[in-house]
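One chain, subunit A, appears in both complexes that follow, with subunit B as partner in the first and subunit C in the second.
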Partner chain A sequence: MSFSRRNFLIATGVAAGASTVLSACSSGDAGGSGANKAPSVDKAKAATIAVGTKADSTGAAPEVPGAVKGGTIYTLDQIDWDHLDPAQLYSSYEGACSVLFLRGLTGYKVDSKGTTTLVGDLATDAGTATDGGKTWAFTLKDNVKWEDGADVTIEDVRWTFERLFASFVTQGPRYPQGWLIGGDKYKGPYEGKHLDSIEVSGKTITFKLKEAHADFNFMLAMRGYSIVPKKHDTKEKYDKRPFSCGPYKIDSRSIGKGATLVRNTHWVAETDPLRNAYPDKFVFQFGFQSLASTDRYIADQGNDQFTLSLLNEVAAERIQKVMTDPALKKRVLTQVDTTCYYFAINTKRVTDVKVRQALNWAWPAQQLKQIRGGALSTATATTIISPLTPGHKDFDLYGKKTKPTGDPTKAKALLKEAGKEGQRVVIAMQQSDNSVKQAVAIKSALTKAGFTPVLKQVDKTSFYSQIGQLDNEYDMFAAGWGPDWPAGYAVIYPCFDGSQIADGGVNWPQLNDTSVNKAIATATAETDPDKAAKLWGDIDEQIMRLAAVVPDYNPIRNYFHGSKVGGVVYDSGNTCIALGKVFAAK
Partner chain B sequence: MFRFLVRRVIGALVILLIISAVTFSLYYALPRDPARMACGKVCTPELLAQVRHNLGIADPLPVQYWHWLQGVFVGRDYGGLGNCNAPCLGFSFTNREPVLGTIMDRLPLTISLALGASVFFLIIGVGTGMIAAVKQGRAADKIASSFSLLGSSLQIYFVGYIAMYFLVQQLGLLEQPSYTPFTENPAKWAAGLLLPWLVLSIIFTANYTRMTRSQLVEQLSEDYVRTARAKGMSRRSVFFRFAWRGAMGPIVTIFGIDMGTLIGGAIITESVFSLQGLGRLALTAVDANDLPMLLGVTMVAAGAIVFANIIVDAVYALIDPRIRLA
Partner chain C sequence: MTPPTPSAAAPLEVTEESAEKSITSPSPKANESRSPGQLAWRRFKRDRTGVISAGIVIFFFVIAIAAPLIAKLYGKDPYTTYGQDIPGLLNDFAYPVKPNGGISSEFWFGIEPQLGRDVFTFLLYGIRTSLLLATAATVLTTLLGVVIGVTAGYLGGKTDYLIGRVIDILLSFPSTLFFIAFMPVVYNLFVPFDEDVPVWLRATCLILALTAFGWASIARLLRGQVLGLREREFVEAAKVTGASPARIIFKELLPNLWTPILIQSTLMLPAYVTAEAGLAFLGVGIIDPTPDWGVMIQRGAQFYSDDITFMIFPGVSMILFVLAFNLLGDSVRDALDPKSKR
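So, the complex of A and B:
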């Protein structure tokens, strides 16, 4: 895929936060462990990320077996970071890199086996909820320092959340803005006013929410809620050079080309349960396409032995070579992504549920999978919530697993029942070679099932803008969503709650079903994680019975690295490689 | 000569003005929305309006263009993002810095690439062409002609990847292409760029070989050459004092255009070797819908071509006295 930086973020809906452990990861030459198997969504288990105790939130981070201190770790990726101001930062790629210098109230602690726990990062624990989840309190740790040696203060924490409301903040996640009481009228702290629903006392900060949010502490683990020092807040300019309270600080940066991180000597390891910070230096290098980085990892020469990629994956041109050579495959971290790509069906235009169900029955899942590169790079989805996300319920309402090439007979029968034989379906596709190939397969399958498909190619840069318009002229279009934290809420609420229907919103099917809305409200208020997970799984099935989308696939990521990079494990909370754990082997 | 240069520089500035206006208009004629690209994952109409305002693209197109022109001469203030001093070619909202700074950061690589490659393709191309012309019809000529035909039919994205694979990744004979400033470490500068120079020179050498050969063959058959030889001048003197000088005019012209194009950005070369020059910058700007950056790179590229042509015209006149600067 040749997404631009911004397209990538928009098109994938990739964001910091998602779920659980990988189904199979390979071991690095220099460290790590795992089975050398192909990944499988089917065999994957949605392991709920546990909330850690106060003891779990205390540093230092658990040692990585065989790790050594010192040396330099390099990266090779295609694109630079779009944003470094936490308030503007959304993608998991930026989150993966900035973990080295940004710290939030909570974070995900990853052990060397890839087990992830939600713990306090700058906070002493993962937070305390009262009032049924409507009030959350966090206490700041002692001895946490900025890169100039000054203490991180509770005023900095308050400032961080208040500045999210400033007018220059247009790109980061926007949960607190909608959740905090009085957030709808607040304009930010720059005119000297505080938001009343954020209270500070001593070293404790308290957030008061309009409604109960049992997973507020998970939401705060997004890198977008990392703390910004009031004294060094340069507003718009902060995006270029954030101030560090992590183990490294930015030494130099050339936008589009690279950046070098060196140690922040004021960082205290004992306050940090997430980051081991073994290398002395990180050198980020941008402008390398996947093919270039893959070839360099195959050659494994010089500094490339100490190099890894956080966004670039094994290039499609080399995937067979790499995945069939045990020596190379050993250096690939394979991970099923929590993003689900689907074709949204515009329920305002395709109002008959039988027609929508017929589209699901007719879907050529197998053909599309082959076009996208086969089982090494995608897994067929039958549900909206990924099998790796807590809340996933295993069901296959439209026989994708039993008839992966589609069931035109069943689709035809449904169309006949609905009296809609020959139904015209306008499908919007992004302009790309791959989309054209997929469009041909979809058109052929739908035609066989008795539809009259009409394909419309849309420029990729305006695609999401067009499908986000409520009065768009499309019946179906490709979309995708990755949860911002590992919970059903983060998948279902933004994309399927009736209240989210708006121009520019992401309830692309424009689903506004009373029973679904009611179920979402009930699940949101549920404070027991297990009960909530079950409720979200039921809602997923409920939406699929209404056939608001055709689930398409979950991507499989293959991250390659050099032979002397150790400690390559996956942070399933932030859906990226846990950079705080890697080391340069001798 | 002075009047000639002044006239050409004024003409060049008018051309650049037209290019800037056309680029600006064409870009906005495309069905793209930079604001949507810069808006977040959940982009409400209010947020979109805010982004439009922040990006300075809420004004009508002529007003935006006028502001851009003003910036070139007097600089611009971009509010919270800071000032952009004159000559301000715009402010990239993708990179969050003035575009000229980024262009100047990438320019040394592109110039290094162009200059280094030109040394190779001029020496090898012109040299081979001269041998082919002198040995016209013989084995050396046939070999040179065949290689030039082969070279001109190759493409950088083909030769580049093959060369990378064998010379760098398999045999380790050459260094991974990279850029180190000449002032920092001349040896590393040359080692990092050697492969791109060689590959670029393979492609360009062919043209120079063929052109040098055909120009020299033509010159060597001219009456004045025969006359000089008849008057007793040595073959060497006739070749270098008359024929070679006469043949160089068109070669200098093509060289000027090639240099302008290379400095404007060798997009494919830079992409193949993962080098961050002007070509890659332009490509990234297109992909990211970064109009200010695209406009800036276009202006620098256009400027390089236009001014390279002025230099070529002047040099042409010096080489060939038959040409007068009218």
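So, the complex of A and C:
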């Protein structure tokens, strides 16, 4: 089990219910410009994440072989963090970085081989469920402290969950808001009222849910449920400077440029099973495109030897060079991802289903795949649920496999039928050098099919905040979704259920179709996992018939790092590099 | 009051030239029949570097103007993504399958990695775009610079002071930064949300911005020249005989300024070609899919480690053009103002 989260287009995220490490085998001489074969990617196999015991949940974290303490680790990434307030934090990139200073009740423990286990982080274990999964209890560990030396109290924990209901919280994951009893009426703790379904006694907190949720403890391991101190809660402002109870604290931050983390001296290693915290300092550097970071890793000079990227991957232009050179490939962490990137179609603006279907028919899947670096970095998607996620059903409604470069004739015919020839489509893309080229391919393909495409490059940092607005002016946008845990529910429900339409929500197509809503309700109620999986697959197809999105690709991540970065392992729970395990080699 | 050498008032070229002429051509008849322009032309023809450079520059302008014709004969266009439409041209990493960037009898200069466009026509059209922008900007800059510079120099006083300060500000202004920051604002103002920024608007903005920051140096230079000239006797004589300021500027001053104007503008054009390419490289000038020299070089920089061929064509052609144009500028100066040679 795992959950990933909303991913940025070139962002991280992996594993369909699965830490799927895949072997990329290089075929022959792919060097130079003469070769035409890419290394193939084996079919990734899924592995579930086990729930650890109380012993697993005690610190300190197991030593990483060969690790040394001290030194500085640097990062090179494209964008700054949009949100650091846990309640607002949903992207896996922000989650990957904030592991160093945010701690939740539960978390994922990663061993040096990459095996991931769910354990208690601030809680003594991964939680106790009673009442068939309707009541969950967690006990806080002793000796866990904030960066000012004060204890983390059970009141802080209660405060954290109650403030999720406050009106300024619009961006983060929204599971407890819907799951907790009385959550629909509660308005947050700032007016002095507590939520009755969260009870505290001694060092124990108890959550009472409307329905049984066996995954509740997995859900809490999302970085979005990290604990916030009641005393230092600055509401909206907390987003810029969160208070740390992890091994590092934010020393300085320059928006858009970088941040420096130094040790939090009050952190006690024995209370923390997840983080080894070897380096003395982390220096985050923002504003570097993938190509720039890739070239710096290839050169491997100076501080770049101690550098890794959490969002940037091997640039498409360098995939051939890096993946066919064994010396460079050694420094690449390759992972398949459960995320599906799609172009969500705003169904409030593009109301005609035929037009939406025409967009699907016209889609230049093959061209985009090549621009992204070919088969080693992406696999063409035809469904919303990734092939690695339970509930996947293999179908291809719009001939993507038979005509990978798009079928303009069919699209044109559909447009004509709808009487919408020359239909204008405003498409928002996440700005990057590569997406500028993708825009060329999309524009040319859609123009051929009789559309009038207008492509807008939108700043990546605030992209999701912009397209999450219900009254946004885009017809289509490049979004991506990784399930928060491996199940059809986690893919379909947040993104396509009519009840999830909200400002800052993730039902980007704003789809509110009665039959889909009904089918989702039926599938949610289904307790047999196999039957449920089949139902989710059918819903996937149903949504695709309505053409609410154009599925684009399932990513294969290639994370590149400097030669002196050790302990780079993948956290398949949070679908990112486990930054707490990294060390600076001598 | 009267200076001892009245001949100094006459245009420099004539005095200089008549002296030189008398040595090279003994026939007094030929000497008399040549205008300063003809003399300069003769001097230019003798300068081999200049002639070759001129040939190269003319070649570039011809292929730029004739780009659509050449593309038609060659049978390709710069917008079609051949590599993606025709299987077998790009490998799985989206690099050209054939060696040397995919050069073949079909694609003379190879194909672009990833998007698979034809390099030859893309380069032709890119040169066309760049030269068009640079030429337009040069003409505008020169016009503006001449008008403002001559006005400031001739009128002097408060006007001169005011214009002088404006020039100071413009010369110290970080124009590239301004351009990067200001362009998106302009586009947002003039283009409705659901429209692409039209190419003509981008081009106009580029030309205007290059002009706005370019006229200051030429204006300052001309102002200095005019300040020197207006105290001369021939200007004073014109004033005394009651000539209007317009006549003095156009008939008395301007003919003496053609040399610096011509030299400045021939040096300005290649500078604009590189400036335009630089802005395109930074992503604020002309952008895809409009073919542009700078865009090509930007792409080339991304692919050079795996496909150097793609960088060579736009890179070498731009070096060639800028070098030739600069040498041409030098030769023109030498021909018009032979004193500077020594």
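As a convention for this text, the second predicted complex is superposed on the first by the 343 of 586 C-alpha atoms of A that agree within 3 Å, B and C clash if a C-alpha of one lies under 4 Å from a C-alpha of the other, contacts with A are read in each partner's own complex, and residues count from 1 in each chain.
Here is the rule we use: a residue touches a chain if its C-beta (ideal position, glycine included) is under 8 Å from a C-beta of that chain, and two chains touch if they have at least 3 such contacts.
Since this is a predicted model, take the numbers as computed values, not measurements.
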| item | value |
| --- | --- |
| Which of subunit B and subunit C A:172 touches, first, second, both or neither | first |
| Touching partner for A:424 - first (subunit B), second (subunit C), both, neither | second |
| First (subunit B), second (subunit C), both or neither touched by A:366 | second |
| Which of subunit B and subunit C A:443 touches, first, second, both or neither | second |
| Partner chain in contact with A:321 - subunit B first, subunit C second, else both or neither | second |
| Contacts of A:302 with subunit B and subunit C, given as first, second, both or neither | first |
| Contacts of A:409 with subunit B and subunit C, given as first, second, both or neither | neither |
| Which of subunit B and subunit C A:432 touches, first, second, both or neither | neither |
| Partner chain in contact with A:240 - subunit B first, subunit C second, else both or neither | first |
| Touching both subunit B and subunit C, residues of subunit A | 295, 298 |
| Interface residues, subunit C side, partner subunit A - complex | 79-81, 84-85, 88, 90-102, 113-115, 193-196, 283, 287-289, 302-303, 305-307, 309 |
| Of all residues in subunit A, those that touch subunit B in their complex | 4-7, 9-10, 13, 15, 82, 90, 167-168, 170-174, 235-237, 239-240, 254-257, 286-289, 292, 295-296, 298-299, 301-302, 304, 459, 461-462, 464-465, 468, 494, 502-506 |
| Touching residues on subunit A, where the partner in the complex is subunit C | 30, 32-38, 291, 295, 298, 315-321, 364, 366-367, 370-371, 373-376, 405, 424, 426, 433, 436-437, 439-441, 443-444, 454-455, 473 |
| Subunit B to subunit A touching residues, read off their complex | 30-33, 36-45, 47-48, 50-51, 54, 79-82, 94-97, 102, 105, 164-165, 168-170, 172, 176, 271, 274-276, 280-281, 284, 287-289 |
